[in-house]
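See the structures that follow.
You will see two complexes here that share chain A, one where it goes with chain B and one where it goes with chain C.
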Partner chain A sequence: MAQASVAETRQSSWWHRNQQQLTPWLFLAPGILFFLFYVIFPIFQSFNLSLFSWDGLGAAEFVGLNNYEELYYDEAFYTSLKNNLIWLVLYLAAIPAGLFIALFLNQTVTGIRLYKSLFFFPFVISQVVVGLVFTWFYDPTFGILNVVLGSVGLPPMNILGDENWVTIGIIVAGLWPQTAYCMILYLTGLNAVDPEQIEAGRLDGAKGWRMLWYIIVPQLRPATFIAFVVTIIGALRSFDLISVMTNGGPFGSSRVLSFYMFEVALSEYGFRMGYGASIAVVLFLIMLGFIAYFLWSMYKEERAR
Partner chain B sequence: MRSMLKTSAAAFAILAASMGGASADGLTGDLKIFLDTSNPAPRATMEKMISQFQEKNPDLNIETTVIDREAYKTQIRNFLSANAPDVATWYAANRMRPYVEAGLFEDVSDLWADPAIGDNLASTKGALTIDGKQWGVPYTYYQWGVYYRKDIFDELGLSEPTTWEEEKANCQKIIDAGKKCYTIGTKFLWTAGGWFDYLNMRTNGFDFHMDLLTGNAKWTSDEVRQTFANWRELIDMGAFIDNHQTYSWQEALPFMVKGDAAAYLMGNFAVAPLRDAGLTDDQIDFYQFVEITPGVEKAEDAPTDTFHIPTNAQNKEAAREFLKFAVSPDVQTWINDGKNLGQLPVNAQSSVDSDKFLEQGFEMLSTNSPGGVAQFFDRDAPAEMAKVAMEGLQEFMVKPDNLDKILDRLDRAQTRIYK
Partner chain C sequence: MFPAPIERSPRAWQITYQSLLPFALILWLLPLIAVAIFSVKPDADFVNANYWGWPSSFEGFTNYALVFTGSDMPQYLLNSFKITIPTVIGAVALSCMTGFALGIYKFKSNIWIFFMFVAGNFVPFQILMVPVRDLTLQMGLYNTITGLVLFHVAFQTGFCTLFMRNFIRALPFELIEAARVEGVAEWRIFWFVVLPLMKPAIAALSVLIFTFIWNDYFWAVVLTQGVESQPVTAGITSFNAQYRAAYHLMSAGSLVAALPPVAMFFLMQRHFIAGLTLGAVK
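After this line comes the complex of A and B, so read on.
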């Protein structure tokens, strides 16, 4: 009896002593567990799976680096990789576009809230709907695009049926919601711009572009950083628009890595899990490059403060 | 002799029915059925059929799950191994091969040994056979062929063609009248597979076509090149609608409905939406795909939908009874009639609904397809090859000059995929 109470006091005192250190970990525990189980563990699982040939049903056969060798000779892989790069570059147009719309909307007139929400609207609706709207817009027979082109004397175009235009056509559709997203980031950023600095700049004779570039944009740095991160990640994850608008076509020319991975591993004609995993690994390494860069620049910024 | 045959067949039918009835009465336990018939009309038909089976077996607890048709194609892999139902729908031929080889489908050769099934379902037996055993039963199939606007043909003074020359002459007249000969939407690729099936089967015959799809003939062979040369004649004439690579098969229908295109090479499922769009049976008609190489026996595409018993099923006895019930002549007659699936019954003892397309299709498949019956491009070829090949077919339709590049690519894919 006495022994038990001694043990109890010793235990509670140990808890008492380490409470400060332990509490954050306890609060973090559920998040860490989920992250380990649903993110970290599958990453290693994918690495492992990419060394096998497996149809998802029978026994997996170890093939070493064969899947990567096949990737090396796979034209469709290079098409996807090239499209991913086009996405990365062109998708960044959402950032300046978002900035200018934000600057335009950052004023006090009647009904500005309504205009802001209208501009934000495309980000709220589903990507699938965005894809459908643009598919109809581009439709070579019934779409409005060719009506517009025809009215200024240009020949009709089949954007989604032409392997040179299709990726650009889809990116333009993707820019519509992404611009809205960047705009909202900049609108909040603009609220935090210091009016005294603007006043000071004005006294020094800064106007127009110079005012924007030297006074406003530097103060929007945090917003720009976030906009950059979400846009890069968004470009690499582009999947739903491609699936809805072209299904990877015509003849596979609008695929990106994520879509190709899905096709190979999970679609109706797929079920090559190992090969899909090897594409996923390549995509992961590309993303890892960007994420490492972001983390590093965030770390640098923290230290500079 | 004939009457004797008839009476004995009738006696057999009665015997089979009474036997079925007798053993069916004793069915108990649970029967889990997974269906991919998620479209409203087929779904209602299936549910009605299952409720009839329930009435015959009141002690059986039937549980039906309907899964979206597209989602089903990926989910089947999970549920066959993890949480198997007692009966599952699927497709015949190569599409069932992965599951047969993985040992996930039950061998049901015993059902086919019964002449009531073996003889009456003889036309589809080949499609359900792998390694000399049968792995399921069919419940419906449908013909492919050319559906055309009869009023446009009449207006231009055209009649149904039977040879390649007539087909092209008709097409030229249609083009001269400012229309397109064929509508097609190749966004999802398989429609181009249908054209290749027919052109290749008519140019080189059924056996060569099967050799090609099973990896025993080469894509770079002269025979295949001849098929593409024939196809190119139509493409160069401007026979197909423009921009077909942007449309699904449904989105290609309005061209035919509006009269911008005169015909559609399609499965019988295209008839319902054409009727819904306001075309009457006087305006649409059907003809068998024409002869190309004289003397080559005609063969048809007739995709077959099937029932299977998973190896991990719990109540295989009841599942077998259900399969027998589903292919019995009466059930086959009503589930395939115009008010229900609107397709062809698989049982030779069933009657075909009085629908002009079903009648013509049944006639064509039973008397005018001596070469054989194919399932469809993406059901006869392994999935991976089908995907690469159909992409090549689409590219060919848009850029026929790329043919050499495409065939080389397919040849490489073939050596990799069929090991």
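After this line comes the complex of A and C, so read on.
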């Protein structure tokens, strides 16, 4: 009897009736508020700001689409856009390179664990340090690159001082940690490959490349998807390396949108926040295409569960 | 296993493989090895253009001691820890909660809130730069460690939520149902049932976020300036300006700056890798 009455008072309490509906929102509240405040609202503010001319201190002046019109005639904007495309395309080389190294290291000889972690090393260190290391690697007076070039009879090169080579030189520096990342993704993926399918493939006479392409790669799809996501995001976010290695030079030829935006809005070239925001909006719209695709893939997978 | 296990191949190939390994590793890490050698060279070697030869004398102790005594490096390192550790705690705490809410409860807007976190995590930093800097200035937190930490916590919550939610989804749901049948309150389910099971995810995220935040350069430059609040990634550039062309000191400084995440990685390797694969690849 006593128990029943306790249960009754419990049920009548508003909190207990709605507990399961309310709990998730209480748990979500701090995270959502923080995220809205620092990430989601600023995106809209940037969109808004791109319609203004503002030096960051005084009053902002509404200029409509003037910033975008200026972008349309801005040489530097096209250089940055072109470099962004080069980054996107060349950075993807990290994926096959990572797979290749993963295949090379996917053995069980003694000490292989240590080898795997040492190969992963470049990803753990900061891009600022990677940039510094590669700047010296390319250095025209003492860099190893020219020592190597000289030993095979080629003329010395000043990679970071040459408008045609500078972006490629920086991308190679970026590929070093990125390849390490893709490698670790594939190493984990290779662990999960179904041994029975490999044996079945072997019985059917599949070997080497054919085995890799028709049996292994399809099973590595989840790893490949993540590798794609992180590589594309990484390519579009490239900033640290450019800032450390060339500061956009020579003559702005190694700028990408993310760097150009920073330069316009926050460097000694002037505090043009509105113009900077319009560059950021363009970069955001490019990224949005990829984000939509990633979310769509995730959505399909959720539905399939 | 693919490729075919090396033990099954001819002896000659086994030996080739074994000797190829260290060779490939040295080639792969050559840029780093070069910096390590630079950092123990005496100043004279650079004056005499002995860049790639053997160090004429071992000056490792002098160089590293100078990094710690003759520059602001200790302060920068301290700042980095003061920024990184609170961020890790904050982001992991927030995402344990959001991940729990999104992973356990079924409600209409669940997937959209989840996608908001995921999408926000992928946006280019530049679209946030001007408003976040302005916001930080207005709150009087520009050039403070707190300002940087608050932003990092908020931004990392996106990635952490993605990770935590997927992890919790993979837990056996019967446990929660059983607890509910017993009449356990929802928050007690979180605290006593789910949280203990999340330990591996918390460990993985902690190492990963530690590395991300330690290596952050962009936000350090945007939200701070000067020795009192800048982390070591930004500090290394002023350090390098101070010791321009003193390659041995720049190398030593860079290695010191890179060390904490490296140490973290080697200590918590298993968790680190679980974190990187977003738990999607097992």
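The rule is short, and it goes like this: the second predicted complex is superposed on the first by the 288 of 305 C-alpha atoms of A that agree within 3 Å, B and C clash if a C-alpha of one lies under 4 Å from a C-alpha of the other, contacts with A are read in each partner's own complex, and residues count from 1 in each chain.
By definition in this document, contacts are C-beta pairs under 8 Å (C-beta built on N, C-alpha and C of every residue); 3 or more make two chains touch, one makes a residue touch a chain.
The model shown is predicted, which means the values in this text are computed figures rather than measured ones.
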Inset, instruction - Considering only the touch criterion stated at the top, classify A:171 as touching first (chain B), second (chain C), both, or neither. - result: neither
Legend entry - Touching partner for A:272 - first (chain B), second (chain C), both, neither: first
Legend entry - First, second, both or neither for A:102, with chain B first and chain C second: neither
Inset, instruction - For A:246, decide between first (touching chain B), second (touching chain C), both and neither. - result: first
Legend entry - Which partner reaches more residues of chain A (counting touched residues only), chain B or chain C: C
Inset, instruction - Would you check which partner chain A:94 touches, where first means chain B only, second means chain C only, and both and neither mean what they say? - result: neither
Legend entry - First (chain B), second (chain C), both or neither touched by A:58: first
Legend entry - Contacts of A:140 with chain B and chain C, given as first, second, both or neither: first
Inset, instruction - Would you check which partner chain A:75 touches, where first means chain B only, second means chain C only, and both and neither mean what they say? - result: first
Inset, instruction - For A:161, decide between first (touching chain B), second (touching chain C), both and neither. - result: first
Inset, instruction - Starting from the residues of chain A touching chain B, keep only those that also touch chain C in the other complex, and list them. - result: 56, 266
Legend entry - Touching residues on chain C, where the partner in the complex is chain A: 1-3, 5-7, 17-18, 21, 24-25, 28-32, 34-35, 38, 49, 51-52, 94-95, 97-98, 100-102, 104-105, 107, 110-111, 113, 115-120, 122-135, 150-151, 153-155, 157-158, 161, 185-187, 190, 211, 214-215, 217-218, 221-222, 233, 236-237, 240, 247, 250, 254-255, 257-258, 261-262, 264-266, 269, 273, 276-278, 280-282
Legend entry - Residues of chain B touching chain A in the complex: 70, 73-74, 77, 81, 98-99, 101-102, 104, 186-189, 242-243, 245-246, 378, 383-384, 386-387, 391-392, 394-395, 398, 409, 416
Inset, instruction - Please name which positions on chain A make contact with chain B in the complex. - result: 55-58, 70, 75, 138-141, 158, 160-161, 246-247, 249-252, 263, 266-272
Legend entry - Touching residues (chain side chain A, partner chain C) in the complex: 19-21, 23-25, 27-28, 30-32, 34-35, 37-43, 45-46, 49, 56, 103-104, 106-109, 112, 115, 117-122, 124-129, 132-134, 136-137, 142, 144, 147, 176, 181, 184-185, 188-190, 192-193, 195, 198, 211-212, 215-216, 222-223, 225-226, 229, 233, 236-237, 239-240, 243-244, 257-258, 261-262, 265-266, 273, 276-277, 279-281, 283-284, 287, 290-291, 294-295, 298-299, 302
